[in-house]
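Letters A, B, C and D name the chains as they come in the text, with residue numbers starting at 1 for each one.
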Amino acid sequence: MPHALTDHWKKFLVAGVVALAVVWCFAFNGVSHDDYRQGLSVLVGAMFWISILIGMLMLTMITRVFDAGWAPLIRRNWEHMLIALPILIVIGIAPLAFIPASRHLLWEWTNAGHVLPSGHTVGADPILQAKSWFLNENFFLARIALYAVIFGVLAILLRRWSFAQDTDRTAGHTHRLHAVSAVGIPLSAITLTMLAFDCLMALSYHWFSTMYGVWFFALSIRLALAVTVILTYKLSNGGWLDGLLNQAHRHVLGCLMLAFTVFWAYISFSQYFLIYTANIPEETFWYNIREIDAVTGLKSEWWGVSMYMIFGFFFLPFLSLLPYRTKIVPGRLLTVAWIIVAGALADLWFNAVPRQLTQADLTKFPEGFTVAPFLTSSLFLDLLAIIGFGAVVIAIFLRGASKNETIPVHDPRILESINYHE
Amino acid sequence: MNERNERIHGVACTFRQVSDVFHAAEQVRDAGWKNWDVHTPFPIHGMDQAMGLPRSPVPRLTLLGGITGFITGCLLTWYMNSYDYPLIVGGKPYWSVIFPFPVIYECTILFAAFGTFFGQFIFNRLPHHHHPLFDLPQFSRVSDDTFMIVLEARDPQFHLDESRNFLLSLGGQEITVIRD
Amino acid sequence: MRKLLEYLNRPAPRGNFFSRSVNAAPFQIIVCLLITGVVVTAAVNEYATNKYLNVGYTPDQPVAFDHSFHAGPDSALGLDCRYCHNFVEKSGHSNVPTTNTCWNCHSQVKPDSPALALVKNSFLTGDAIRWVKVHKVPDYVYFNHSVHVNRGVSCVECHGRIDQQAVVGQQKSLNMSFCLDCHRNPEQALRPLDKITDLAYKAASPAAQTADGTKFVHNWKVNPPQSCSGCHR
Amino acid sequence: MANAHDSSPERPAILDRVRPAELPRSPLILNNRGFHWITDKVCAIVEEPTPLWWKVTFAAALFIASFTFVGLGYLVSTGTGAWGLRSPVGWGWAIVNFVFWVGIGHAGTLISAILCLLRQKWRTSINRAAEAMTIFAVCCAGLFPLFHVGRVWFAWWLFPIPNQNGIWPQFRSPLEWDVFAVSTYFTVSTLFWYMGMIPDLGTIRDRATTWWRKAFYSLLAMGWRGGNRQWSNFEMAYLLLAGLSTPLVLSVHTIVSFDFAVSNVPGWHTTIFPPYFVAGAIFSGFAMVLTLMLPLRAIYRLHDVINQYHIDNMCKIILATGTMVGYAYATEFFIAAYSGNSFEKFAFVNRAFGQYSWAYWIMVSCNVITPQLFWFKKVRENHSLVWIICLFVNVGMWFERFVITITSLANDYLPSSWGYYSPTIVDIFTFFGTFGFFSVLFLLFVRFLPLLPMAEVKMVTPQADPHAH
């Protein structure tokens, strides 16, 4: 007997499709005017949700491997959603990558004719030639397809056996899911690393950082936890978790949010710190264009974004999550979750949007480039893309919940989860 | 208080089962006692609520220690590398919050740990090597497998005979008067 | 040994092991430790530094050469420092004069004095007089006399009033912070170049010293190194 | 049946359908042992007469430890060149050994702190010994940088104490960060270890019959009475110290990795170093914990307290961290190729196929390939095999530090100044002796202090639950 909420899935789907249609119109318009920014909105929107879903995938598998007693109630909601991950890669990333015009605009390295600030073209760039074993278009497209396949297979397996347990009540499924998760965690780690390299790091293809995959993992888990808090809040106020979720569940989610807030800060700080201290130009330029306006020499808009990340995305959630009360009072936890969602968006912007736009006029732009600004009307398009993809994900989620049990009634740990206490 | 009461620390009784001492503690709490304690070989989950204890104040000292450490770290690095002995090294500024961050961070942790560690000692009034309880023969089993409730004489509700009967009604065994 | 073991292994008393007074001991111990800590720190700072251990080092010299008699405007002879230490302006190392320098005068003045027997012997045989070195800095410190003297740093800054010493002893600590004090505030030590060997020279007032010094720092482009490699090369 | 939520007015209908499949959790303590059994078992280790194996091992450990002190004595009287340090390799075995030992220490904090925060109850059987291991490993680690400074009597210049030179520590140097990190780590680990031990020391005190035991354990137990008002503060402080130790342990090995990563030496400067070093540290530390605990478990017959479930978990952590380390190796290689930087590429190709390739392949096979055997339940149940694999991991992690430190220095930018580093006999003596030094401390701990946290073990038994039926 599916919950009444699940009837809304069609509305969400329609809303999502409409929003995405608008975003795509703008994106195509931008592409036809050689402007990458509207196309980037599609990427930002898709990556935002892909990040959330990757986090949920990892959390599903991690709680499986740990056999976590608190998890089953909450994990079932992740399972409903997981299948959206390959779908988003297919409807979000793949069109951008497979349509040559948008690919050339978004991933500069695929456009051999693109002129760099130095005056050379991408095709003649010796750095790109050294990387061409990896950064070549066929391999790139194959990789994007592979990501969808790997995540798709994992999502299908993790869902199938979990749902099968709802009918046949056998513990064997738990063992199988444990095994899939144990293998799936390293597999997903590699896949998400490569996805982050391809879809974010390679947007500025000269730059490289071994930490990048770990950073993306940290961001994904943070986002997934924050979205989980928001989702479970809604679901325990008139949804199918009403009367099931208790203070201890909020506490454990709050603790995990705190832990991954620290972990994210640790990873982001370490990456910045190592590049700052070693001071090697081939790495520092990436941070430099995000701090200083090359024309005026003053702090740019991106510096403001990075300050927002330090104070709004780290200190604010960190300090608010420290007191015990924040982790158990629903409203406070919800507020922190929204703060994290907003901060994660800033982090995604910070990583995806700034790039050197080549300028031939050396009198106005002595460095030969200007950095894409932060404050543009495209931010609204980004938000629309996020809403669009989000609506699709919610539609998939609700539809999943309508077809299957909303809580895993025969999970071996379900009672432990329902009666979970601190 | 009469002279006899002055030399009495309190009365004690023992329990053999966790659930027994737990429910007994709830009754003592409900009877409104202030100066009493449950001595156990290990912390019993939920006993704080059963005794009606507030949350431990140790975190306050941790926070105080952490803030002190952070400020100490900042001042230390600023004074030594920027004020008293400024040197240009590695193209870094004389002082910024970034390069000495590891040091500031470690100072924060160190002082917060001191705050916590000594906080535990201060709030538990330790070290306290001499205590009337140690004279009780059955107290040596409290660190092994026995649970003990002690009602202290300084509680306004304390009355020797009534308190002993109260402990008896709770199911306590080996009811003993602790002499100071 | 066995007795000790027996003593240690004797049965423990029942009940409280420590007496009631022990409860106050931790506080007393903490107070004692604090006091000891303060005293030890203060003592180490006072007595374990160059200021205490090196200053006043006045070794016996093979020849009782009296600086206060020979050198400086107030002395009987009024010799300039550079008459004997004649390479101080040209060389990183300030030389101790050879016996020849002594014998320039002493071939005429009291050549047969028993106090000068060693000097005369040295002059005749060519064996150096074994002067005992007083002012020592470690091997890993590079100190250049000429660069200091030529930029207005007087002998007196490091050696003190040699012209008043019958037997030379160390008067300044010569430790690293002694060097750094001057390198950080050179204007407090610089003087006109013609007053380098005037050990009694004092600027008219502290304000005048600062004003003059600042001017010298600017005009002579004095930029004393404070980095490690300035002195430890 | 399930009662969900006390404050919920209506009981959700779905609860009627909740019927979990049967999958009991492994018991933490086998054979349903009671509180008194645990007390007896742990206290007996301290109270029984000194066993013969202990005396023999202790004597052997002392003998081996003397090698360190002979080596260090020779070094101090001769100079750091006695350690085979010369251009281009100025960081030889000393730093390798330092990172190796510090890394081993980290598992102790991980078990006591991170697993505490993650509420992994199985930690209770091993955390005390692991914490002790941490402290002793840090003692061994500290020796190397301490003596690496050359004039060891001036090592206090590294601390922010006024000195007669009028200079201060230089806070832009990662080596100075190390001083703060390692000394903080040592201090906090010791506080954490000691504080956790106080209730157990109280237990031994209450059982002591001879005078010196009563004196010794009374003094250490600080008058602990086990009142719940004390436990309340104690548990809070313990949790907070765990919460502080977790970022601390991460930061320590992060800062150790900074020693390398903030430089711009190819092969050292790579941003993944911090988490990669931390994973490696936990990896090697767990291997060491198993190396120590498996024999102790056999000697003291602790099979009920440290059972297959505990060993399984530790093996799985070794497997997980070993795989993370493998991920880091792969990422480094990938980014070296991806960067298009020829020096980076050379550094990594040279590691794998250059003059030190033997060390590299020992590292990869011990660290990445060997732990993969832990995928198999049969392997995890064969304790001799587990012990041997753990030895391999220890060896592999030493070689990891060797590969990182030496290969990048021996072949840097200028081929004309390339070299080949070999340790001297003094290096070998000093390092060999630290195993004895470590064993001396650890044996003393086993003999005189509670090996298992009795209170915490009692806490995770089923009969400790006040609501048990």
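By definition in this document, a residue touches a chain if its C-beta (ideal position, glycine included) is under 8 Å from a C-beta of that chain, and two chains touch if they have at least 3 such contacts.
Source: prediction; values computed, not measured.
Among all pairs of chains, B-D has the largest number of C-beta pairs in contact.
Subunit D has its Cα centroid 29 Å from the Cα centroid of subunit B.
Chain centres here are Cα means. That of subunit A falls 34 Å from that of subunit D. Distance between chain centres (mean CA atoms), subunit C to subunit D: 49 Å. Between the CA-based centres of subunit A and subunit C the separation comes to 67 Å, rounded to the whole angstrom.
Counting partner chains per residue, subunit B has residues 55, 85, 87, 90, 92, 99, 127-131, 134 touching two or more of them.
Counting only residues that touch two or more partner chains, subunit A has 273, 277, 279.
Touching of two or more other chains is recorded for residues 17-18, 23, 180 of subunit C.
Touching pairs of chains, sorted by label, consist of A-B, A-D, B-C, B-D, C-D. Across the complex, subunit C is touched by residues 162, 164-167, 208-215, 218, 223 of subunit D. Interface of subunit A with subunit D (complex): residues 66-67, 126-131, 133-135, 165, 169-171, 173-174, 182, 185-186, 189-190, 193, 197, 208-214, 240, 242-246, 255, 259, 262, 266-267, 270-271, 273-275, 277-280, 282, 406-407, 409-415, 418-419. Interface residues of subunit C, counted against subunit D in their complex, comprise 7-13, 17-18, 23, 45, 49-51, 173, 175-178, 180-181. For subunit B in complex with subunit D, the touching residues are 17-19, 22, 25, 37-48, 50-51, 53, 55-59, 62, 76-77, 80-81, 84-85, 87, 89-90, 92, 99-100, 102-103, 105-107, 109-110, 112-114, 116-117, 119-121, 123-124, 126-131, 133-134, 139-145, 150.
Residues 55, 90-92, 98-99, 101 of subunit B are the ones that touch subunit A when the two sit in their complex.
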